[in-house]
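Report on the structure given below.
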Amino acid sequence: MSESPIYLDYAATTPIDPGVAQALSEALCDETAIANPSSVHRAGRLSAARVATAAEQVASLLGCEPGQLIWTSGATEADNLAIAGAARYRADRGRHLVTMPTEHKAVTDMFQALEKEGFDVTWLAPGPDGLLDIDLLEQALTEKTQLVSIMHVNNETGVVQDIEAIGELCRSRDVLYHVDAAQSAGKLPIDLRRMPIDLLSLTAHKFYGPKGIGALYVADRPGCHVEPLLFGGGQQRSLRPGTLPVPLIIALGKAAEIARERQASDLEHATRLRAALWDGIKGVEGLLLNGHPTAHYPGIVNVSVGDVDGESLLLDLEPLCVATGSACNSKNQEPSYVLRSMGRSDDEAEGAIRVSFGRMSTIEDVEQAASIYVDAVSRLRQLAPAA
Amino acid sequence: MSESPIYLDYAATTPIDPGVAQALSEALCDETAIANPSSVHRAGRLSAARVATAAEQVASLLGCEPGQLIWTSGATEADNLAIAGAARYRADRGRHLVTMPTEHKAVTDMFQALEKEGFDVTWLAPGPDGLLDIDLLEQALTEKTQLVSIMHVNNETGVVQDIEAIGELCRSRDVLYHVDAAQSAGKLPIDLRRMPIDLLSLTAHKFYGPKGIGALYVADRPGCHVEPLLFGGGQQRSLRPGTLPVPLIIALGKAAEIARERQASDLEHATRLRAALWDGIKGVEGLLLNGHPTAHYPGIVNVSVGDVDGESLLLDLEPLCVATGSACNSKNQEPSYVLRSMGRSDDEAEGAIRVSFGRMSTIEDVEQAASIYVDAVSRLRQLAPAA
Amino acid sequence: MTGDPYSSEVRSLFKAPAHAGSTTGPSARIDAQGVSVELSAEAHDCRLETVRFRVRGCPHLIAAAEVLCSDLEGQPVTTLESPFGADIMRRLSVPVEKTGRILVLEDTATLLARKL
Amino acid sequence: MTGDPYSSEVRSLFKAPAHAGSTTGPSARIDAQGVSVELSAEAHDCRLETVRFRVRGCPHLIAAAEVLCSDLEGQPVTTLESPFGADIMRRLSVPVEKTGRILVLEDTATLLARKL
């Protein structure tokens, strides 16, 4: 416990970029960001201008208009608002919805709540590599289908879905398409001018911004609208009331600006680290890559060995801060539902380790991680009775 | 427009305390506050410990247990969660709810949404001084009543309701009592060990904390529980999922700690400023105090003159940053529903000005405000045709 | 959501309206749309010499009244009856929802013309 | 939510279990509850001389096995059959939900006793 921790859990939350931290710290005490931007007085108008600038920064990262963004407390709220909001808005037209069991809990739990409300949800299983077979989606769409929600980058495996192809199919059937982009926004190119996406969620703390602020993009198209989840003071056209957290929004804007500038180099860096990590661990006997060999975001590497206990492995990996399953599920010791639905056995899912890294990670971090992993697996195998 | 603004809109949002700003800035880059507190690894446990400390600070401000707090994005969400959550949780026992039209929109709009869901809401009108007549409440309670929501300090008028008496009545009838304490937490004494309150909402940015973080207190009593509004990763016992915004929570904790230390002197200061302000304006002919002469929080002063236009008055008050009606409603020019329900005429409500101040305000601020107000009313009266 | 609702012209006309007040000549007043407008004028040889206003209303209306009075001075009395509202609204960027109030100003001018 | 799930004793037993391995004596193994436990021992004059374990399981189980083996050495063989689980759980603060796994350890010890 005395070694200093090596943080490799970027998929749970990233450290904040120093530029973002500075922008946020400055905004906290800045006269132009103190007032409530809904107020008509001068201080209020100054705050509103700061929010407008941030909206432009996020919009230019995504290739959309500033007016198409709704600020939320994070991706959980953005996902919930998109899914429940669109499903309820279009309930008169039909009550059939489509998603996958490998989505984040903020998506799957909301769909389960909608099932209780009387919506009919089709759950499309992924292939063993985590990818959606688009033919399955085509078969699932009916006259009644109103919404499809399939994420961009999976938070456990890094698998990247073909959101353009999915979007085109949805659009051709007049079905709304929601993308949970919590793991991809700011990291992989997203261009909403070109991509047929109706709703897209993001959260700042997954791309070097602060925790507690996110956004939902809602396309400006007929039939594309959400009903609010929260009720109150009329802010944000009543779609998401509450005093706007101006400094957090400024920080999200800054994170978007930096992400736009650094996207290519960040991605290159992650690719290099992934290669180094893989080089270090690929010799482990029985090692399984959970995910797709090419359709992946490089900053997330999820591997299993079926014959060691996950909890012991995690402890033996200290001082590495890595995850088993997804962060949110890590308190309950059940095997990851994402890996199970990709066909992994309970043992394989339980022994899975997610190593995730990014902008501030170094080659040394992942090289050390690899060697610690190799040693831990070998020690625990020695400790165990023969297979 | 060249004079520097005098910010007297503390009821909309306060400046951040320098100590809170520092705590937040430090937490942003602090190794012990970076990770997701749900993660089991070491960095996660450190974050969780920081959250636990903040919960103790808030709990000690309110006189409750840390485990009775749910972190939210602010009071809008806390109010919504309390009201919809408790109403739905107890819907099997009865569907009657009680509130007042003078509540904040985060309360009234949520009750209106519940009316559409089939709940039956009794709206108790205040007296002309904004106070609830407790006999009216007693008469309104029926066998079916499950929840009463009546705020502590009113955001437009500063009127203070007798929450202890209301709470005792509710408890004697086994009705849950929710208090929107957005305007009072950290400013007026609240002791949940002693006060019969079941649910209480607060938001950091009204007591010198950051915007975008708040909390809901839920008492540990049989029958007192809320159903969640958001669904996701299981955080906070699934009552409010989403990655916890650790630095914001640390800042809320710090704001609570400072508020606890400064409560008495802050209140004394506000009382002094109120007296100076009142001294300066009380000579204005036809001046009406909107609120109660004694049952008030001193930091909010709401006054009307019936014969000048509210919009012109507001412009003539520059460089004062003050409010007409409540911040959230200020974009639409309708007369305040709070003042209308206290029996003010449309003209009186439209010409109402809310001056609100606090810890960082100075005697000079309010003295200048008084003289600017007196001059503006006099000029606009001269500009107008004879009555 | 951002942006100052008042142009700098509106601001300065509102702050220091040179034509606020009344004349010794005839006056007209209309109370409608939640505002009160009073115009008075002195005319010689069918020309408006002095025009003054009193308004209880929003900053845009006060600025519009000021512009109107200052424009009218020196013009034929009949100019009072011309439909100047749209022009002033454009010039001062008056929000459309305030059209009704500007029409009260127009109507008051017409009323005044009949009294001169 | 806060707090380290492992005591420092559990941590150090897990990191360096002196009694991991096997002996040349008889051994017993049980696979259940998602874990595998194997115990082996050499006994002389009805006393346990060397006791070793192999475990595939969580850190608490590994620590418990280590404690058990080290405690058993020098004890009469019959000690293997005593119900030590509750004691070890208390000593190592094993969470109750892991009771089943500790019972597997107990059962394996009982099984071993029969083989000695």
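Descriptive notes on the structure:
Order of writing sets the labels: A, B, C and D. Residues in every chain begin at 1.
Note that contacts are C-beta pairs under 8 Å (C-beta built on N, C-alpha and C of every residue); 3 or more make two chains touch, one makes a residue touch a chain.
Just so it is clear, the model here is predicted, and its values are computed rather than measured.
Comparing the chain pairs B-D and B-C, the larger number of C-beta pairs in contact belongs to B-C. Centre-to-centre separation of chain A and chain B, using mean CA positions: 33 Å. Centres computed as Cα averages put chain B at a distance of 58 Å from chain D. Chain C has its Cα centroid 42 Å from the Cα centroid of chain B.
Distance between chain C and chain D, defined via averaged C-alpha coordinates, is recorded as 95 Å.
In chain A, the residues that touch at least two other chains are 1, 40.
Shown for chain C are the residues that touch two or more other chains, namely 1.
Which chains touch which is summed up as A-B, A-C, A-D, B-C, B-D.
Residue ranges of chain C in contact with chain A, taken from their complex: 1-5. By the touch criterion given at the top, residues 1, 6, 11, 14, 17, 20, 29, 34-38, 54-59, 62 of chain C touch chain B in their complex.
Residues of chain A touching chain D in their complex: 1, 307-309, 311-312, 315-316, 346, 350, 380, 382-386.
By the touch criterion stated above, chain A contacts chain C in their complex at residues 37, 40, 45, 48-49, 51-52. In the complex of the two chains, the chain B residues touching chain A come out as 1, 5, 7, 9, 12-13, 15-16, 18, 21, 24-25, 28-29, 31, 34-36, 38-44, 73-77, 79-80, 104-106, 109-110, 112-113, 203, 205, 210-213, 229-235, 241-248, 314, 318-324, 326-332.
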